[in-house]
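Just dropping this structure here.
Labels run A, B, C and D following the written order; every chain starts at residue 1.
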Amino acid sequence: MDGTTAAPLGVGMVGYAFMGAAHSQAWRTAPRFFDLPLHPEMRVLGGRDAVAVKSAADRLGWQDTASSWQELVARDDVDLVDVCTPGRTHAEIAIAALEAGKHVLCEKPLANTIEEAEAMVAAAEAAAARGVRSMVGYTYRRVPAVQLARQLVADGRIGAVRHVRVQYLQDWLADPEAPLSWRLDKQQAGSGALGDIGSHAVDLAQFITGERLTGVSGLMETFVHERPVAAEFAGLHGTGDPGAARGPVTVDDAAVFLARLSGGGLGVFEATRFATGRKNAIRLEVNGDRGSLSFDFEDMNVLHFHDATEDAAVAGFRRIVVTEPEHAYVGRWWPAGHGLGYEHAFTHQVVDLVGAIAAGQDPTPSFADGLAVQRVLDAVERSAADDSRWVALG
Amino acid sequence: MDGTTAAPLGVGMVGYAFMGAAHSQAWRTAPRFFDLPLHPEMRVLGGRDAVAVKSAADRLGWQDTASSWQELVARDDVDLVDVCTPGRTHAEIAIAALEAGKHVLCEKPLANTIEEAEAMVAAAEAAAARGVRSMVGYTYRRVPAVQLARQLVADGRIGAVRHVRVQYLQDWLADPEAPLSWRLDKQQAGSGALGDIGSHAVDLAQFITGERLTGVSGLMETFVHERPVAAEFAGLHGTGDPGAARGPVTVDDAAVFLARLSGGGLGVFEATRFATGRKNAIRLEVNGDRGSLSFDFEDMNVLHFHDATEDAAVAGFRRIVVTEPEHAYVGRWWPAGHGLGYEHAFTHQVVDLVGAIAAGQDPTPSFADGLAVQRVLDAVERSAADDSRWVALG
Amino acid sequence: MDGTTAAPLGVGMVGYAFMGAAHSQAWRTAPRFFDLPLHPEMRVLGGRDAVAVKSAADRLGWQDTASSWQELVARDDVDLVDVCTPGRTHAEIAIAALEAGKHVLCEKPLANTIEEAEAMVAAAEAAAARGVRSMVGYTYRRVPAVQLARQLVADGRIGAVRHVRVQYLQDWLADPEAPLSWRLDKQQAGSGALGDIGSHAVDLAQFITGERLTGVSGLMETFVHERPVAAEFAGLHGTGDPGAARGPVTVDDAAVFLARLSGGGLGVFEATRFATGRKNAIRLEVNGDRGSLSFDFEDMNVLHFHDATEDAAVAGFRRIVVTEPEHAYVGRWWPAGHGLGYEHAFTHQVVDLVGAIAAGQDPTPSFADGLAVQRVLDAVERSAADDSRWVALG
Amino acid sequence: MDGTTAAPLGVGMVGYAFMGAAHSQAWRTAPRFFDLPLHPEMRVLGGRDAVAVKSAADRLGWQDTASSWQELVARDDVDLVDVCTPGRTHAEIAIAALEAGKHVLCEKPLANTIEEAEAMVAAAEAAAARGVRSMVGYTYRRVPAVQLARQLVADGRIGAVRHVRVQYLQDWLADPEAPLSWRLDKQQAGSGALGDIGSHAVDLAQFITGERLTGVSGLMETFVHERPVAAEFAGLHGTGDPGAARGPVTVDDAAVFLARLSGGGLGVFEATRFATGRKNAIRLEVNGDRGSLSFDFEDMNVLHFHDATEDAAVAGFRRIVVTEPEHAYVGRWWPAGHGLGYEHAFTHQVVDLVGAIAAGQDPTPSFADGLAVQRVLDAVERSAADDSRWVALG
């Protein structure tokens, strides 16, 4: 209850792990800092393990629980379904929800296969015609510094884009004895670093430049082919210690690829879980013929901007601390210089989604945007499987 | 309702401006991410303007309102009073609350005068004897990187402290046409940059080193002696435009001071609202004979640490991204590399306060710690008024 | 005359532009700071324009001049020929010099074609059998921070190399009206960004890792196909102003490529003259399974090193200021903290070359190392011309 | 011989330690990169130990030697005397040289006492009337980034100066077992960190702002009062090992002081040899009401500039890489992005000094500028000795 007179928007969420916690914080927090045209109510959390779901619902602040996504989707008091499950279940849940007339927020990647993603886009477009909205959760778009980057490009401040380089670097698999998990199993995860984090790299590049990747040449690698089976994963088989059972890694540890952009620029992308010392470093640089931008999520409240039209004697990359009232979202939080953190972008996502629903507009990134990312990832995989041969994108 | 079986802790808050919003977010959020031994319930928000209080309570998530702090303090369902009002009202409210048996969280600075602060300490000590707890809100202590700094000093990793330099830099008054506000009026604010932000600098220096300042030499300055009267401040008198009425600035724009530390080191402090381009830069460096630490709140998830005992060929300041599970508080938030923001420190403050209350311990920083800061600020003012002559602290 | 009792080493240099100035400073300076086992004497500067050569010799400190490289090579008082001419003349001069029994220092790239480079390697190997030494000028190897990087890898401090990313970024062609020069003409320059600066990127990657690139997938681009003809280039044709004659750019403006390393790691390379705001940024990062390194020539006295075997709570990239006596070369210059500049690496090159000659050893990088770089560049070109298809290296 | 037709300028240098090596490199190098109106000839190196002087002269490139400064000053072929000896000998040598009609370049600090410095200024002014020039070696002024800082202030780009903070941080005494040397003996060195490096801090502050310090409040400290006597210092007494003889430290290890600037701003200064991990970090920040500057000698080719008049959404500290042809001195060295090192500033000093002599102008910093710095240091010492009481400067 935040005293708003806005009409309620009943929310149901499926899944309650890392993403579920982040989304819950966003649903709880958005109406406290932003004036929302609809008032989100956290009505139902869905999941199969009734005890765990109840415990999560209490902890995360959901009023009720449902023992299946089907039950959740069927509830009359749910206007929007927030899909926080692993990728292989996205299509089924999202399509059913859209067909049931529920707005959908779906975590990324949109789906594990192109076919599923295409079906989701079709469902989203059909739903949109009936006023039912959908959005895919490429949340990093809503970091204020990323918004500023997009705006500077859109305003022509860096001119024609010549180069984009994006690295999404993590290191949690650098240790060869790090255990197996479902994320390293192709059946469950679809792909490894490429789909999990490379997808963000692609989405950010396309979002900030406002261009599409038109072709790629890829290279993928699994450095460690077998890992100890973690206890929770192994069941009876082992405990993750060196003497324990080992299982195969069936996804990529790292993926690198070259690309062309629709405006004629070149892209270089890297996604890895083996960049020792980089925990969640999304590093992005765009060079245009009138200026450049640089961003690193390790310093997420900062954007570096070089204006090449300035007098050379005083030109240089400006370290813009993106905490001014002029910057997107920021004015609703704290005074200048008081930085935001990781989860704020999820709150911004809720703000934009609720705003679009109330305005009767399609929010972005759309399922079609999500599919566009999937097509790039698929092209990278096909190129990597075919001697890095160029794969053009439509 | 977060499903906890913990006993409730009824909270009442007085004041609902910037600090009130930050504290509310903390009370709301702490039980969602941390296992608290008592369950805070946001019961009453107090303030004189009934309409404004009701609106704020709805927005910030308080169940009920009170039209005066006296009414709030008198309520049986309030176990803890959170004082977020301006400094001149702290003593009266906090003492009354403590005497009424309520735990107190009081925003900094503890009070506007030494006398008031001393009375508060006396009240706190009397209350503590009855199991009633009090804490002053030097929140920056609870930034994980600051906690790590403290721990490294305590563990002897930098050896004997030789130098502390702390700069708290803001720039919102650099423009001579920035309007007057209550913060520039000595009657209301007590002091200017010195008390508002210099107090944090002093507390951080004492917290991280575990030492006290034993004497100071100060210099204070008001660069702009008259400013346009802001509309909301001027009432009928003006609108803040250049032609409008102007009023006197009666506090310091900047304060700088030298200090000695109880361990024999030297301190250099600076607090200003005229450091153009620095919005909320708290920059801190400590040099010990075995190592050094460096921190800048503009990059709040990072601590730099130099270990002087290492081989010189590979020694260097390490940029520690303080987002590992090993770091204070961090494990309850997100995976490594997903940074926190400004308001998280307020959530940590709630966690520590509630933990201490449940454990029957006195939380820190205590009112006595707050008084220690006030004594330093007072000594700086006296030194500045007396030709920068050294003023020893007891 | 620097008072040494070392035997003299007569040096003749061909070419006196940018590289000639840098090499001259090195020959002049090396014996002033280092104890050289042979004493270099700057005997002859060679070039076809007698007036210009005489003027350059006076300015740069050469005792005498020669009107052709043939004349210079033939002189008895020349023991070493320093080849600072454009790449297309390297093979002819270097081979003649080696056959005449002169040691050779040859600027990079070794040659404009693989065939020439192979002939040079053959000549170098034949000469080495007779005690005549040769070296190619990949000078960046001799930046102390790069030496430290190499040493840390060789000492196993970062473990097995998983990723290398190298970007050599300049921006002098970002402006579409920047004039044509011989460097943009394939006949003269061989290639564009790839050969000029990409060659350094490849050499540094191979030097620091101690591995070879075993295959590549490349993409090259010319963003601006026609440029105003610069006055000095145009002769009678134009003056470089927008209305002036325009001529074609026949080399690459940018080249990007993926690679595999002999140890199983992945490489990502980028060479461009269109990275607005980056003047001469050689940025290099290596991730191993036990640690990582990071270097940027814009901050050339610093190496960042992450040791992943440290306690996670205090691990972080160390900013090593590479100016300690323990660091390569540095002890002969200034006290710790007094940084070196661009040209110091040329002085170090002289030191190492003279040392190897006196010791009767083959210096590195050898012509074979230079050829290895050429082979990589050639493979990148072939891949880029063939749809980015993978090209394996022997 | 650099082929110049410029008239010769005979140079004699006294002293050949660290500063002598730096000055020699400058005299050797300046005419190679800059068009000097007079041609410096390195004629005589003076010193009392004939063997050592001869060896140094050979190594550093001086044609001849003199066994006393008196002999050197008396030589007809010496037009300029370069004084690189310790401070206590400066007055005697410089005054004699000026009286003998020789131009003088004198290392900093100008002298060990105010009285000597005043006598030197008197001699310099008398000499100037006869066309004999003098300059004191505050070399850091001639780092291109510092020149740019000065220019931006002079051009009004940062407006009225509100704050200057300068830290000169070294760490070579942080280890309590670091040995005694003449620099720690008040009789020989005059003062410790204050005079040796604090003097640079003061000169830089006054140079960049174009203002004078008008008063100070100081605090000085000797952290380690007794140190092992180094072998070379101890003679028969010991070897510097822990069991060896120990001697007293009679100078300051660190000095900190507050100041007022003539334009009304506040200054905070710090000079220490105990800042672990900082080898030669001269860090300088100036905040004006229209902008700010920031510099760190650890990254000497970079100046950070914040323009507060820009649109807040894109304002930020610009990292200006000061290697453009537009920047002072830089165009004579290398292309943009190829940084300079420590000793380049000495070469620039020669360039400016020779230029002033040829132009018949008084170079800066003058001896009077050097005296102004001494007066500040003296005031700091007096304040520190008198309870940090404010000491006004004339």
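Keep this in mind: a contact is a pair of C-beta atoms (placed from the backbone, for glycine too) under 8 Å apart; a residue touches a chain by one contact, two chains touch by 3 or more.
Which chain is which protein? Per UniProt: A, B, C, D = Oxidoreductase.
Please read these numbers as outputs of a predicted model, since none were measured by experiment.
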**Request:** Look at the interfaces A-C and A-B and say which one is made up of more C-beta pairs in contact.
**Result:** A-C
**Complete:** So the chain most remote from chain D by C-alpha centre is A
**Prompt:** How many angstrom between the C-alpha centroids of chain B and chain A?
**Reply:** 35
**Fill in**
In whole angstrom, the CA-centroid distance of chain B from chain C equals 54
**Request:** State, to the nearest whole Å, the distance from the C-alpha centre of chain A to the C-alpha centre of chain C.
**Result:** 42
**Item:** Multi-partner residues of chain D (each touching 2 or more other chains)
**Value:** 278, 315-317, 321, 324
**Residues of chain A defined as touching chain B within the complex** = 1-4, 18, 22, 24-25, 28-29, 32-33, 54-55, 57-61, 170, 172, 278-281, 297-302, 321, 323-324, 333-344
**Fill in**
Seen from chain D, its contact residues with chain A in the complex are 148, 152, 157, 304-305, 311-321, 324-327
**Message:** Considering only the defined contacts, which chain A positions touch chain C in the complex?
**Reply:** 158, 162-163, 165, 167, 169, 171, 174-176, 217-219, 221, 223, 254, 256-258, 260, 264, 266, 268, 270, 272, 274-278, 285, 287-292, 306, 308, 315-317, 383, 387-390
